[in-house]
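Presented sequentially are two complexes of subunit A, the first with subunit B as partner and the second with subunit C.
Here is the complex of A and B:
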């Protein structure tokens, strides 16, 4: 899912860089308001876990793998604004230290995995959560469903960027179909991993599921 | 952090390190979704090499030592610690600017 340099033109990439920077400013302000100081280590740990999980590509179909994006996972654990910051930190480390994801494509990748994956995915999570019984086990379920949907959504982010500034002369419809079809399958893995990790945190320390503080307080077992 | 939260943090970090150092050894080396589509649809050639592709840890330490498993383990260990440190610093900076009552 990490876009390399060159696939999207420089002007478009710079434009999305500006969107990502603006998004980071808003996310930082909201994080300042909503994340308490004592939760800073957990937010940093969430970033480290997303980095680690992204290393583990799982086989999807012959000749193709997928890996966790982690946007919904991060947003459910630390809230959507801090979740966006988490994905931004991971993407910057991956690009600067491991040459994974182009330097000029950083804004594109932050928009797809941070803005769409974490913030948009969190919106999906709240919608699913509102439609499920008020029980703790609904939290990992809603996270899994949202994570599953967030992967093709992030893939559509790439398709939109490719439509605006793609440098290769190929059929946009074919790219859209291929991105959607492959990422729906990858989304299954995203949903399973996200569901299990969130279930583990809910079972051990549900007060640390910072994405749903009011629900956790009100929910029955 | 209170004691219970510290335990949660330490266990979480250990799990994270196991994922990055050990489970990462099982990772598929097949192209991911975007790389696969790029090859299938014919825009893979549009990608340029990363500007830092010659750095020691590029491509998750590939070729760092003559042992690929050790390369992956080192990349995982370093990546987790760097991400933890950068994340901690970024969140502290974000929070500290809020406490700063000095007008800019």
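Here is the complex of A and C:
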């Protein structure tokens, strides 16, 4: 469920578009420093993976289902800058090819799911990782906690955008309650799945988890 | 999602089609909601594009289903917003807001549907490249759209395998196997990416793909500009008169 055209006013959408473009510029430069041409097919397959993982629906409450956002997952697996680039590419393809999310709302969706969900979520991951014992088992735990928190945080991004430029005169409290209520539940699914995915990758191919600082990877056991 | 055809819209160079779609949607979003005539014009432009591209209503309808949650939320606005000053105790302001979201959302999504139905994803990537979108994006996107079907197929096989072992997607406990399956999916997909890169490098890949899609002619650009100018003039008149 990505924001379509017309829900948020044009000026606000343009403003967030500028924020998204600026963030993307920084992330693209950092990605180019860290990933060589060799890594482009790998980043692309991570994007395809996030896209496919988003298709796996899980039940939230009666009649409603949520799907993975994949922001923290991508950031932990390929690093925050590349994770942001990957999420941006996924959102552009969703909007351009699948009409999911408006073309003029692209900036809003990129800020919510890329900037808040992936980069912000990665920040949470590092905070939790620093607070837990230096073991490999802490990596999936920290990823799960960060993923759980990143989903309602991304939903709050929408609430903030709605407060600035929403085109409907609904009380903010109602929007906040509806968004937080559903997204805390989606966050539980996101956290559980992210934790198991990261645990699986850490167990079999530790070298692929690029978002983990080296000292943790070196000292853990 | 692509639908094969040989219409003028299918032959339209992808970069022109993308630029026209974006220009059209921006004009739609900037139009004041009270200007019904302008939305009538946009709708007839969108329908003309659907007819020109020979897209059946069922196909378009199925693609527009992604909007359903937002249309339901928009439909509740006349009840939620106060005061009940319109027919049947609905709110006038709420009706306008619902109309605004539904009209702009539908027009924007229809424009995307026409674009994606008339151009295959690799051509769209070439179009973005020619519109000077950063190469990191187009390079990643190019591989992504080429391998997407493969990965999605892998997910489908995993789901069949899980279901045949008795997995039912109910409750939080059912998510652990989903997570484990996705973990092994990531490793499979990543290792495939490594093999793909090595295979490509050995065949001479040096960071760019050969371009596909029609080259833009002046007349193609003129047609695209005509569409955008028509929508922009309507949006300007609507903004001035309301």
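FYI, the second predicted complex is superposed on the first by the 212 of 221 C-alpha atoms of A that agree within 3 Å, B and C clash if a C-alpha of one lies under 4 Å from a C-alpha of the other, contacts with A are read in each partner's own complex, and residues count from 1 in each chain.
Heads up, the rule we're going with is that a residue touches a chain if its C-beta (ideal position, glycine included) is under 8 Å from a C-beta of that chain, and two chains touch if they have at least 3 such contacts.
The model shown is predicted, which means the values in this text are computed figures rather than measured ones.
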Subunit B and subunit C placed together on subunit A: clash or fit? clash
Request  = Check whether A:84 is in contact with subunit B, with subunit C, with both or with neither, and answer first, second, both or neither.
outcome  = neither
May I ask you to decide whether A:16 touches subunit B, subunit C, both, or neither, giving the answer as first, second, both or neither?
neither
- Task: For A:125, select first, second, both or neither according to whether it touches subunit B, subunit C, the two together, or no partner.
- Result: neither
* Between subunit B (first) and subunit C (second), which, if any, makes contact with A:148: first, second, both or neither? -> neither
Where does A:45 make contact in the superposed view: on subunit B (first), on subunit C (second), on both, or on neither? both
Looking at the overlay, does A:195 come into contact with subunit B only (first), subunit C only (second), both, or neither?
second
Practice item. Kindly classify A:5 by the partners it touches after superposition: subunit B alone (first), subunit C alone (second), both, or neither? Key: both
Task: Look at A:102 in the shared chain and tell me whether it touches subunit B only, subunit C only, both, or neither; answer first, second, both or neither.
output: both
*For A:55, select first, second, both or neither according to whether it touches subunit B, subunit C, the two together, or no partner.*
both
The shared contact residues of subunit A with subunit B and subunit C are 1, 4-7, 28, 31-32, 37-38, 40-49, 51-53, 55-59, 85-86, 89-90, 92-93, 95-100, 102-103, 167-168, 170, 174, 204-205, 208
Given the complex, residues on subunit A that touch subunit C span 1, 4-7, 10, 13, 24, 28, 31-32, 37-38, 40-49, 51-53, 55-59, 68, 77, 85-86, 88-90, 92-93, 95-100, 102-104, 167-170, 174, 188-189, 192-201, 204-205, 208
The subunit A residues in contact with subunit B across the complex are 1-7, 28, 31-33, 35, 37-38, 40-53, 55-60, 63-67, 82, 85-86, 89-90, 92-100, 102-103, 155, 158, 162, 166-168, 170-171, 174-175, 178-179, 182-183, 186, 204-205, 208
Contacts from subunit C onto subunit A in the complex sit at residues 1, 18, 21-22, 25-26, 28-30, 33, 63-64, 66-67, 69-70, 74, 77, 80-81, 93-94, 97-98, 100-101, 103-105, 107-113, 115-116, 121, 124, 134, 136-137, 139-145, 147-148, 150-152, 154-155, 159, 169-172, 174-176, 178-180, 182-187, 189-190, 192-194, 196-197, 200-201, 206-207
Listed in rising order, subunit B residues that touch subunit A in their complex are 1, 4-5, 8-9, 12-13, 15-17, 19-20, 23-24, 26-34, 36-38, 40-43, 45-53, 55, 57-61, 72, 75-76, 78-88, 90-92, 94-95, 97-98
